[in-house]
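Note that subunit A is present in both complexes that follow, paired respectively with subunit B and with subunit C.
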Partner chain A sequence: MRNVELVKLFGRRRTWVSLLLLNLLPTIVAGLLAWTGLAPRPGSGPAFLSAVVADGSLFAIAALAIVLPLFLPIAIAVVAGESVAGEAQAGTLRYLLIRPVGRTRLLVRKLGAVTAFVLAAVLSVAAIGFLVGRLLLGKGTLAGGMISLSGSVLTPGDIAWRTAVAIAFVTISMLGVAALAIFLSTLTDSPQSASLGAMAFLIGSSLLLTVDAARPLQPYLPTRYWLSFVDLYRDPVLWSNIERGVALQAVYVVVFLLAAWANFTTRDVTS
Partner chain B sequence: MRRTWRWVVVAAVVAVLVGLPSLVRAFPVGQSGTGSAAALLERIRASRTHPYSGYAESTGSLALPTTDQLSDVASLLGGRTQVRAWWRSADDWRSDTVTPAGELSTRTSPTEVQVWDFEDSDVAVTGPDVTGAVRLPRVGDTLPPELAARLLSGATAAQVSTLPPRRVAGRAADGLRMTTGDPLSSIARVDVWADQASGIPVLVEVFGRTGDTAALSSTFLDFTDTEPSVQEVAFSPPPGARVFTRQRFDLVRAIGQIPDTNLPARLLGFDRTPSQPGLEGIGQYGSGVTQIAVGALPERAARSLIEQIRLASTAVKLPEGTAISVGPVSLLVTDPQVTGQTWLVAGTLTPQGLAQAATQLRPTATASS
Partner chain C sequence: MTTTPETRTGVEPDQSASSRGPLVIRTEGLTKKYGSVTAVDAVDLDVRAGDIYGFLGANGSGKTTTVRCLLGLVLATSGRIEVLGSPMPKAAADVLPRVGALVEGPAAYGHLSGRKNLVIHDASGRAPSGPHGGGRRDRSRRADDVLEMVGLGAVGRRPVRAYSLGMRQRLGLAAALLRQPELLVLDEPTNGLDPQGIREIRELLLRLHATGTTVFLSSHLLAEVEQLCTRIGLLDRGHLVLQEALETLRTPTGLTLVVTPDADSAVSLLGSAVEHHDGERLLVRADDPIRLNAHLVTEGIRVRELGPERRTLEDVIEERTRARAADEVPT
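Moving on, here comes the complex of A and B:
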């Protein structure tokens, strides 16, 4: 059944189109940087974009920073929002539930498929970013190393493990979005409503992060630690925000998935 | 019933997750056995040489006027700043100001201070810090141990009382309150919580005479009292970085280089502390929380500062000049037609205190002009 959900998800043309679009923006940015050679100043613009002109390998990280604030959550909200509501809108949810499969199990399978999409999206952005960066922007002069935010030189080994952790962290951050969209997907028969609801929640969270009066709330907002993967490229690594980000996302994932389970296993399915 | 129990499970899990942080905070913290407030004050002072490292956040609500020279100070005292610190000794430490996509790393050694700026990819090198020198506030000054050392420097046993212990950065900390008795001081009280294990201040809150919200607070989010390694503090400029030498003082040096204009030996009853070589034009008075700095302003800096002060809603026109009070810090730029020269009077004084200080400067300034 897991394969069925995965095959269904990755068999859809729009899944691949969303992955393609997700990778298009960083590729355009890399092309423009290669063409003009004009990079933003260090510290301004998306993280690490200033460094990629000197070393194209770093574009894997820069690409994640480009898509993380908006494009990646949109793609995930669309896919996760469709997981249950899409079946309801197409009129196939009733038939799915006629099969000798419990609702909890069905929900878990849906969650597994969405998690696979999140992983595929994050990995594809990092991998294509790396390839595009190397092809268009070239290899750096620091023998594969890079200058950390703290001014020390990171070796290729340092960069490799930090980038692997960054990918894992971004994936976990996006699982919070996926859990929220799945929960909303169990509330409505309209996948668009579920996706837009998730996006509205995230935009609200991002907005509150800019308001000083909302400081007491800020440590609990879902988008608070999204960009903290940058802390992996300080020397030594600043783990505090990474740890808090993981713990916060774990709370959101647990709460929204439990709510999705409570709602989906008790709702009247009519479509 | 079947519908309900699942939602009860969800509600219970949410309640546990939401209530857990409050529960941990409410967990009682035992007294360390330090005893009296005076003993705690001594313990905090004795911890001055104790190494530490951590991640701190300072929050200021002081809307300082912004000039070209004061923009860093304005953002430091008027916003939220996150700093990582590795402190081995007073002349061997590192502080990194952390921004979302950058870093400003200051490495202090016995021979020099290097400031690595990721955003500009350069390293500014200045001479070593001079003890007691007049200078603008820096990020390192807002770290709880540095801030507490400065504010408690003039505290006496009669001014302090104990506060209930609390948990800061996951560690038990003893509380100390210093109340200023000086009617001219704009700081009402300073609350300090010191780590029970080491005595190092881990949370400092500064309150002005108005409002219940701290005008400046600084707290560790992560803290350890173990000595940082040499590697963590050491620094070599990275390949390709621009390395340049920078003058230590900008506005302060500009004021200080004006020859000593016979500043009074006492101001508002406070003795003048000896000036550093090259900064004879700046008079520094008071100690602890009540401090006053006086200097003659160069014409260009005075014009820029007055323009910015006038833009602030809290600016006050006094007979002696234009003043602004932001939280416990007040600043007065005198009118040269009244005082014979443009003076900058700044410190933790009430507006009445500023006016009195300006009055005492007037005869000297007029005489020297």
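Moving on, here comes the complex of A and C:
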């Protein structure tokens, strides 16, 4: 048992319910698409939905695009916001610290558990999306490749590695959310406040992206490059926004984790 | 000062040893301020090996803040803290595995059983080598042992959600005992227990004390402290106003207590030797209680009770806290 925090997180029914709910929305969308055959016109609606009717395998990536703007960050903000503040609220934080578990060590374990949850969430959405797509929307023409956003044909090999990179990119984007929520979780003894605070930050960021006057700020907003994984399906791949997205998330992760560490290791635990 | 292994076994749990034993907790000028409020003000504690130290104080007097400082949960504003011979919170990783604690009520994960909570609690920290070690191999056995000790053997597998307040309190105590600590720091350990439970816990603490565990017990229940403790410290609005062996506090005052239904005739007989008169109770200055008794009886005064006056803990505490209130400069 290397990480007790993993056991605690995944031993809890709430964690599994949130993963289940996270996968429910894409499954419903796939069901509706299969039933009606009505795909949005290319260029409207969530990314890739127009393509999946032709090829169900692509639903893995479409499912990620469906949950990325709201559902995925909510689930992660809830779990990460719970990490330290949840222990504080239950009163177990003081007993962990006098067991003793060093404060830095505890924070690293919490980060490990939250990262595992992020991976589980992203991978399960992609895997279940793939399965549901294959079952409900048919195998399509995967063997013949897919039409890229630039109009050329991508081979199955191309699609496979691009999808792997897309999953990694989404995971990194979500780690930014996780780091923010963990930081807020060390500030308060209320897990709800930490989760809602993180959500408010993300909603604020999404809102500012739609305001022209906020243009100078936009390259630094955490949600700015979230949907840039779509660029992986251009031919050739348009790397510039993906690179910027990774760099930006790395800065957010480092800054928020350092802030969380600085705060948690020097504060009075009065819960 | 270092605590050597033989201090654990070499300590006699009696009064004389407690005044000579090595220091288990020592603070010098411990002060904690929250903003402009001083919760704990220049407290100098000394708790020795073999003590059952009763840490008394009204609600809000700073007991819990002091306990949290000792355990490194709250960082002191100034002053020095030594626990088991090492500075806190600097040496927390070495000190805390040898300390078991119950701070401001128990806490556990409600969806897990009591036993699983203990196992998880134990697994979350490192298992040091030596007498306080015990790794994952005997973890379940130790969990079962302590559940048995606190009287939860039969319900250890039920989820904590279904526990009563008293059962949670026992589970918290079990967690504190899991690693056979040299020092037990217990904040209100009998909270929520019924009289039977209080007696059981008291007997358990006395048993542990007899095997060499030092107990630091914070409480506002005087009766509990009076029955259990060998030394007491009294905190009044952040100040330590008293730190003494209980025996010393309760030494006879030199006056003789006489209880008689003929109080008025006794007063007129003894005159100025009567220091205090309250109903049937008289406090008399007398060199020899035997002669006093003979004197009273030969004068036809019926004596129901006669003996040296001992102050109760309550008297002492009232006196000390009143004295400090009188010192205070009105603002």
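Convention: the second predicted complex is superposed on the first by the 267 of 271 C-alpha atoms of A that agree within 3 Å, B and C clash if a C-alpha of one lies under 4 Å from a C-alpha of the other, contacts with A are read in each partner's own complex, and residues count from 1 in each chain.
The rule is simple: contacts are C-beta pairs under 8 Å (C-beta built on N, C-alpha and C of every residue); 3 or more make two chains touch, one makes a residue touch a chain.
Predicted, not measured: the structure shown is a model, and the values here were computed from it.
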| item | value |
| --- | --- |
| Partner chain in contact with A:Val108 - subunit B first, subunit C second, else both or neither | neither |
| Which superposed partner A:Ala90 touches (first subunit B, second subunit C, both, neither) | second |
| Partner chain in contact with A:Leu208 - subunit B first, subunit C second, else both or neither | neither |
| Contacts of A:Val255 with subunit B and subunit C, given as first, second, both or neither | first |
| Partner chain(s) touched by A:Arg13 [first = subunit B, second = subunit C, both, neither] | second |
| Partner chain(s) touched by A:Arg234 [first = subunit B, second = subunit C, both, neither] | first |
| Which superposed partner A:Ile98 touches (first subunit B, second subunit C, both, neither) | second |
| Which of subunit B and subunit C A:Asp268 touches, first, second, both or neither | second |
| Residues of subunit A that lie at the interface with subunit B and also at the interface with subunit C | 266 |
| Interface residues, subunit A side, partner subunit C - complex | 1, 4, 7-8, 11-13, 90-92, 94-102, 266, 268-270 |
| Of subunit A, residues touching subunit B in the complex | 41-48, 54, 65, 142, 147, 149-153, 215, 227, 230-231, 234, 236, 238, 240, 251, 254-255, 258-259, 261-262, 265-266 |
| Residues on subunit B engaged by subunit A in the complex (per definition of touch) | 2-3, 6-7, 9-10, 13-14, 17, 55, 80, 84, 96, 98-103, 105, 116, 118-121, 123, 221-222, 232, 235, 237-241 |
| Of all residues in subunit C, those that touch subunit A in their complex | 68, 71-75, 92-93, 96-97, 99, 101, 103-112, 120-125, 136, 175 |
